[in-house]
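Have a look at this one before I ask anything.
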Amino acid sequence: MSARPSPKKRREFIHFSRITTRWKDNDAYRHINNVTYYSFFDTALNEFLIRGGLNIEHSPVIGLIAHSQCNYFSSLAFPDSIDVGLKANRLGNSSVTYALGIFREGDDRAAAQGEMVHVYVDRKTGQPVSIPQEMRMHLAKVKSEPRDDDV
Amino acid sequence: MSARPSPKKRREFIHFSRITTRWKDNDAYRHINNVTYYSFFDTALNEFLIRGGLNIEHSPVIGLIAHSQCNYFSSLAFPDSIDVGLKANRLGNSSVTYALGIFREGDDRAAAQGEMVHVYVDRKTGQPVSIPQEMRMHLAKVKSEPRDDDV
Amino acid sequence: MSARPSPKKRREFIHFSRITTRWKDNDAYRHINNVTYYSFFDTALNEFLIRGGLNIEHSPVIGLIAHSQCNYFSSLAFPDSIDVGLKANRLGNSSVTYALGIFREGDDRAAAQGEMVHVYVDRKTGQPVSIPQEMRMHLAKVKSEPRDDDV
Amino acid sequence: MSARPSPKKRREFIHFSRITTRWKDNDAYRHINNVTYYSFFDTALNEFLIRGGLNIEHSPVIGLIAHSQCNYFSSLAFPDSIDVGLKANRLGNSSVTYALGIFREGDDRAAAQGEMVHVYVDRKTGQPVSIPQEMRMHLAKVKSEPRDDDV
């Protein structure tokens, strides 16, 4: 395990989604279960893609998650509201690496932060394909500057 | 099965909670899975109780769900936002019957509506107890008028 | 609310599915959250239908949940294993009413029991349709005898 | 991102838990959602710890997840059953790094594999503490040999 990263600030992300927590997010230790953070990531990411035109039902190309990770810094609990920060650290030919941060409403330091890697594949064959041009233009809106790619 | 009820309107509820949907709420049929509606109910109810002073960790008296039900009228899908309407149709000595309605943002007819029955029990013995006076006063804020108790 | 029903026995159901519980099923009160029981119902029901030939992706006719309910008798907690009992109390032209019971491994009295009503609709129009003959024959395997239709 | 790892085999893990999938695990793309794999990890890990004597309610020391990650190789779908393989790659003074693998029933190559890092803290202060001796002895049962620590 490499050196533990520090919590990011809000200004290090480009797009934000507000998410309300749920009673069932709290586990037996009465804080939000570690699994649920990935649902926050997944939700922010898909909301961004759907609002950018992704057609879940008919798109011939879909994004599959190849890798994900998360570092947890401080706990959250229902009924907290959270903001998920998003940016794309790497925009390749057929894959995108997103950085995501979870912020409690009003906090500027991430409670958790992580990464998700999407690989675009042909819906029928499952083979990697180039990211369609319209999607690429949408993704460019959240592309971070070079250099800024640590998680 | 008795006659199928009609969708309620927003004005038939007293308290509302805004809930954001999640990517994972959609099931393989691409609408919000029937199970998740109960998480919306559960979340709205616990948010109301916690904001009214319920101490999840230390309260000597807790509410257990004895019964729940839901009628589904029209489908919802991520990324819809929803409002959950809440009122208490019956406020007994140790139990409360809540009516709940699920409204898509901007819609006035419920997409689904249902009922949850809480029984208050001693945390240690599990035996039913009278609802504490402070909680009863909080619950009275969402008590519906008599007569208004169909689901 | 009508009189509270009594817990059913295993012999009152026809088909059983074994389900393993998960850490996240336990909520802040450290027992399985009330919402999760509906996921047990939903899982047992869909497993029965899929093993009977339901094609989730291509079937022109799909079942939508129109109503569900559950009575809770005793709590369960991870890492309990459970068995879900299933039968069809009513098999109509376009709808099926299922009775379901949740049993802790080794227990003969239901910890919870409930009902789900499926309405079969045309996948494209959403209009109710007759249950296809092949599905009807599969459903007949779990049809209870007449008279046995209380929940 | 470093080079993508290869799927592990069952023999690379020490402890296994069988988990049944659920209808709601499938997302709108009709395979098990990436988030759910972490619930499989979390469940296998907590089952191992609880069966080894962890007292969720009263233990003065609890394990918090500091980091998690997962690599996804092939998709799974309800109603698959899965086995989760577990071992501890690193057993430190106050932290444990677990390697986990997700195997479809009957498959010898992991469909996904990942890592979770537990930090043991004092339940009240949240400060890291040494892993209690009894827990350490339980963890030693799944400790991998040296050298075997890639994910």
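Going in written order, the chains are labelled A, B, C and D, and every chain counts its residues from 1.
Simple rule for what comes next: contacts are C-beta pairs under 8 Å (C-beta built on N, C-alpha and C of every residue); 3 or more make two chains touch, one makes a residue touch a chain.
Everything numeric in this text was worked out from a predicted model, so none of it was measured.
Traced through touching neighbours, the fewest hops from subunit B to subunit C number 1. Using the mean of the Cα atoms as each chain's centre, the chain most removed from subunit B is D.
Counting C-beta pairs in contact across A-C and across A-B gives the higher total for A-B. Here the spacing of subunit A and subunit C, counted between their Cα centres, is 35 Å.
If you average the CA atoms of subunit A and of subunit B, the two centres end up 30 Å from each other. Multi-chain contact residues of subunit A (touching two or more other chains) are listed as 23-24, 28, 30, 33, 35-36, 39, 42, 56. In the complex of the two chains, the subunit D residues touching subunit C come out as 18-20, 22-24, 26, 30, 39, 42-43, 45-47, 50-51, 56-57, 78-79.
Residue ranges of subunit C in contact with subunit B, taken from their complex: 1, 4, 28-29, 33-36, 38-39, 42, 56, 62, 64-72, 75, 90, 97, 116-117. By the touch criterion given at the top, residues 23-24, 26-28, 30, 33, 35-36 of subunit A touch subunit C in their complex.
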